[in-house]
Amino acid sequence: MAQASRSGLSGWLHRVSDSDVWWSFKSSPMTVAAAVATFLIIAVAFLSPVLAPHTPFDPATLSLSDGLKPPVLVSPDGEWAFPLGTDDQGRDVLSSIMYGTRLSLIVSLAAVGVAMVLGISLGLISGYFGGAIDAVIMRVADVQLTFPAILVALLIDGVVRGLISVKRHDEIAIFVVVGAIGLSFWVSYARTVRGSVMVEKNKEYVQAARVIGLSPLLIMVRHVLPNVTGPVLVIATLNLGLAIITEATLSFLGVGLPSTEPSLGTLIRLGNEVLQSGDWWITVFPGITLAALVLAVNLLGDWLRDALNPKLR
Amino acid sequence: MAAASNNQPLLEVRNLRVEFPTRRGTLLAVDDVSFDIAPGEVLGVVGESGAGKSLTGNAIIGLLEPPGRVAGGEIRLDGRRIDNLPYEEMRKIRGARIGAIFQDPLTSLNPLYSVGRQLVETIQTHLPLSSSQAKARAIELLKEVGIPGAEMRIDHYPHQFSGGMRQRVVIALALCAGPRLIVADEPTTALDVSIQAQIIALLKRLCREHGTAVMLVTHDMGVIAETADRVAVMYAGRVAEIGPVREVVKHAKHPYTKGLMGSIPSLGVRTEKLTQIDGAMPRLTEIPRGCAFNPRCTFKGRRCLVERPNLMPAGATRAACWLHDSGGVGAPIPKETVDA
Amino acid sequence: MPDGGADFVRIEGLKRHFDVSAPWLVRKLEGRARQVVQAVDGIDIEIAKGETFSLVGESGCGKSTVARLVVGLYPPTAGRIEFDGNDMAGRHSRSDMAALRRRMQMIFQDPFASLNPRWRVFDIIAEPIRAFGLSTGKADLEARVAALLRQVKLNPADGRKYPHEFSGGQRQRISIARALASEPEFLVCDEPTSALDVSVQAQILNLMVDLQRRLQLTYLFISHNLAVVYHISTRVGVMYLGRLVEVAPTDTLFRRPKHPYTRMLLDTIPDLEMTGRQRSPVGGEVPSPINPPSGCSFHPRCPFANDRCKAERPRALPIERGTVACHAIEEGRLPIEDRSYALNT
């Protein structure tokens, strides 16, 4: 009863600023730096239509005469209009990165979302009802785990390619990638949620809810779910980094996003094709962006895992 | 104090302070605690959760969990200061001179080794015995703590023992090197009543036969009443009252001890209503000024709100309460301010 | 207000077995048999309106399972539970079942686990009111919760707080307020004070006695603490390995204990009064309920056991306003005598 509870937003802010998690956040400079970096990258990416100096994938704005300009700071041939240089089509590398990061983030966030919804639902069902349902879901999860994400994605992509035309494929490529990554990540959510549910459902507050005759669905949504959000949040954050990498890998291999709508991975692939001729900046800058983004997200995830784990406190 | 008057006490604790640095400031979990234990004596340390009784025990055996630390005072065993020893030296003393028994016997035993191996290793660490001699002593110890079929049981693993038998093994482990003092922290709390009685009887017998002193930390006044010679009642990190167990139980002098004794349902008297102390022990962050018990005390006066009482003679015990000071509790507090 | 006649709660031949076998495949591969724990193995209890019936026993005797069976957290393996003349396992419409559930509530042992940590106290207490549709509107709901908080001696303003802001005793008050929210007549209390410090335990016990008198509640009280049971109950049932070995009015049980197990339990209570009574620790421990001893399950620890005790399970015999399941008592081998546990000092 250290402090009186306050209402509304101010109460919430007070609770947050007073919490152990916030304190552990503040006292870790690395985490603060990672959070700032993540926030900056996300903000710049999603504001790219406003911030980007060029619209690199609108053919009308491109001029081949701007092609293969090196970055300003390393060569006198550079122009300030293209601070990180241009590729062979005359597209501004900086603008491409901004748009590409946005696309990478959209795909990964959506994929994590798909995995979360699928995994949490199956985990809740599995953990709460147990028995045969649990056994079936968990064996499916075991099988799923034996396929690496890339393999699942390649498989789905292959099937989809066989079913529809190449032109249509470019249009739905983003959904294929989201689905493939989402499908390969659900297991960790399902397992974590199942474990937490099995612990929570035997706690007395859940039994108290059963005594008044609430339905299993209500109990799961109202009581169990809110109490398993901690571990889910940790996995989601760590998974976001993994999803970004997986998307980049798929795109690099050419089964991800098409070159008309390049993500970071696609940009690295496109740059890689001309790397032999010494135009390193086309592939290196997207690579650095990717590495920085994933590192920042993973640092955040690691911190969150430790901060929410009472044993490590 | 009677037992400790003519010969030197085995354990002397003087003005012990244990602190926990936290982000909200340093918490004083044990505040200026002093007591002695004579050889062969059983001192009960009783209090509600958070009173600091277990921390006092852990400070004595040098096993305070970080970030907790001894911030002041002295602990002496046989006149030798032990609170400032380096970890390695304290570890040797902990096996050889001080035995420790904890609440959960499972955490004190290594599940991967047979109890015999654990006993033999502990014996050989502290005594210069050969393997076969050590094994013989291990069997002897298991017999002593009342484990039937000790010769066969010695090769069993901890999970093959029941809760009560496991606690007996832990006691045997604590006895390996023939310690002068045993610090037992809630040794019977995890056990059923019928097993509790067996363990208490065992501790009492060991004390009598070997002259081992015991510091018995528990929240169960019944266990203390049956086992201890003297008892220290702790409240909010301080000793509220200390004295011979019979006196403290029957003629408590501190209002907290009185309330505590009254609130224990007893088979002796069946009353309509149990005596109750309203409120709860303050959290360490909110210990009031003056006497820590003053918000719950019905006898308090002005002095109790500002001045902290130390232990003072009160009948046959010593109590930290101004009621027993010649100055008294000070001016009465008007009723309105009590309610506020 | 015990009205003697009609039994408010009637439990007949109640059994609950738990399957603790290894998974099917493991069983088949390793040739192991099914393992069944007989947590509750056929007990009969009648509880009159307004009384406090206590179940005591050591851990694993099945007393908590009985509590959970009575409120419907587990379905019984066999036997029936009647509440105010209604068979709880009978066919009821949804609304009838809800009406029955509303009238019985449970208080749990651990005040730190029985409140959802993410809910405000107001919502925790309001949940049963909302679930049973008892309030007429927001203002009524708020008034009801405030009244409940006051009833357990908490401040209505405490409703805004979260459980972690309260001490153990205060949390148990919140649990009680929640249990009272649906205006029940029958409360099943599963070790409600065993996680609390003694001074707080006294507060909660006093509160429960007070509430019982004011609201005419009937309690089924589960505890391992004989002194607490002595203090609060009108009648007591002693359980051992899933069976009821003795039932008697409180004073009779503590003054003239009959079953050897009851005598043993009473012998082992730590004696605060220090009457100099010799405590005689009984050897042995409670056997595993997976493989309970044949006949009377207490016979391996019983000093009065003979061949009949090893072979034949004793039936509950009516004796001195209670029942005892013991061959030695039945045959008169074990004399019944007054003991001085409940003596006044």
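Order as written gives the chain letters A, B and C; numbering starts at 1 within each chain.
By definition in this document, a residue touches a chain if its C-beta (ideal position, glycine included) is under 8 Å from a C-beta of that chain, and two chains touch if they have at least 3 such contacts.
Everything numeric here is computed off the predicted structure, so don't read it as measured data.
Farthest from chain B, judged by the mean position of CA atoms in each chain, is A.
Set side by side, the interfaces B-C and A-C show unequal numbers of C-beta pairs in contact, with more at B-C. Centre-to-centre spacing of chain A and chain C amounts to 51 Å, using the average Cα coordinate of each chain.
With centres set at the average Cα position, the gap from chain B to chain C is 32 Å. Among the residues of chain A, those in touch with two or more other chains are 2. On chain C, the positions that touch chain B within their shared complex are 58-59, 167-170, 197-203, 205-206, 209, 224-228, 230-232, 254, 264-275, 279, 281-283, 285-286, 341-345. Those residues of chain A whose C-beta lies close enough to touch chain C in the complex are 1-2, 5, 7, 203-205, 207-214, 223, 226-227.
Within the complex formed with chain C, the residues of chain B that make contact are 48-49, 162-165, 192-198, 200-201, 219-223, 225-226, 246, 249, 259-278, 280-281.
On chain C, the positions that touch chain A within their shared complex are 68, 71-73, 97-98, 101-102, 105-106, 108-110, 113-118, 120, 127-128, 131-132, 160-162, 165-166, 175, 178, 182.
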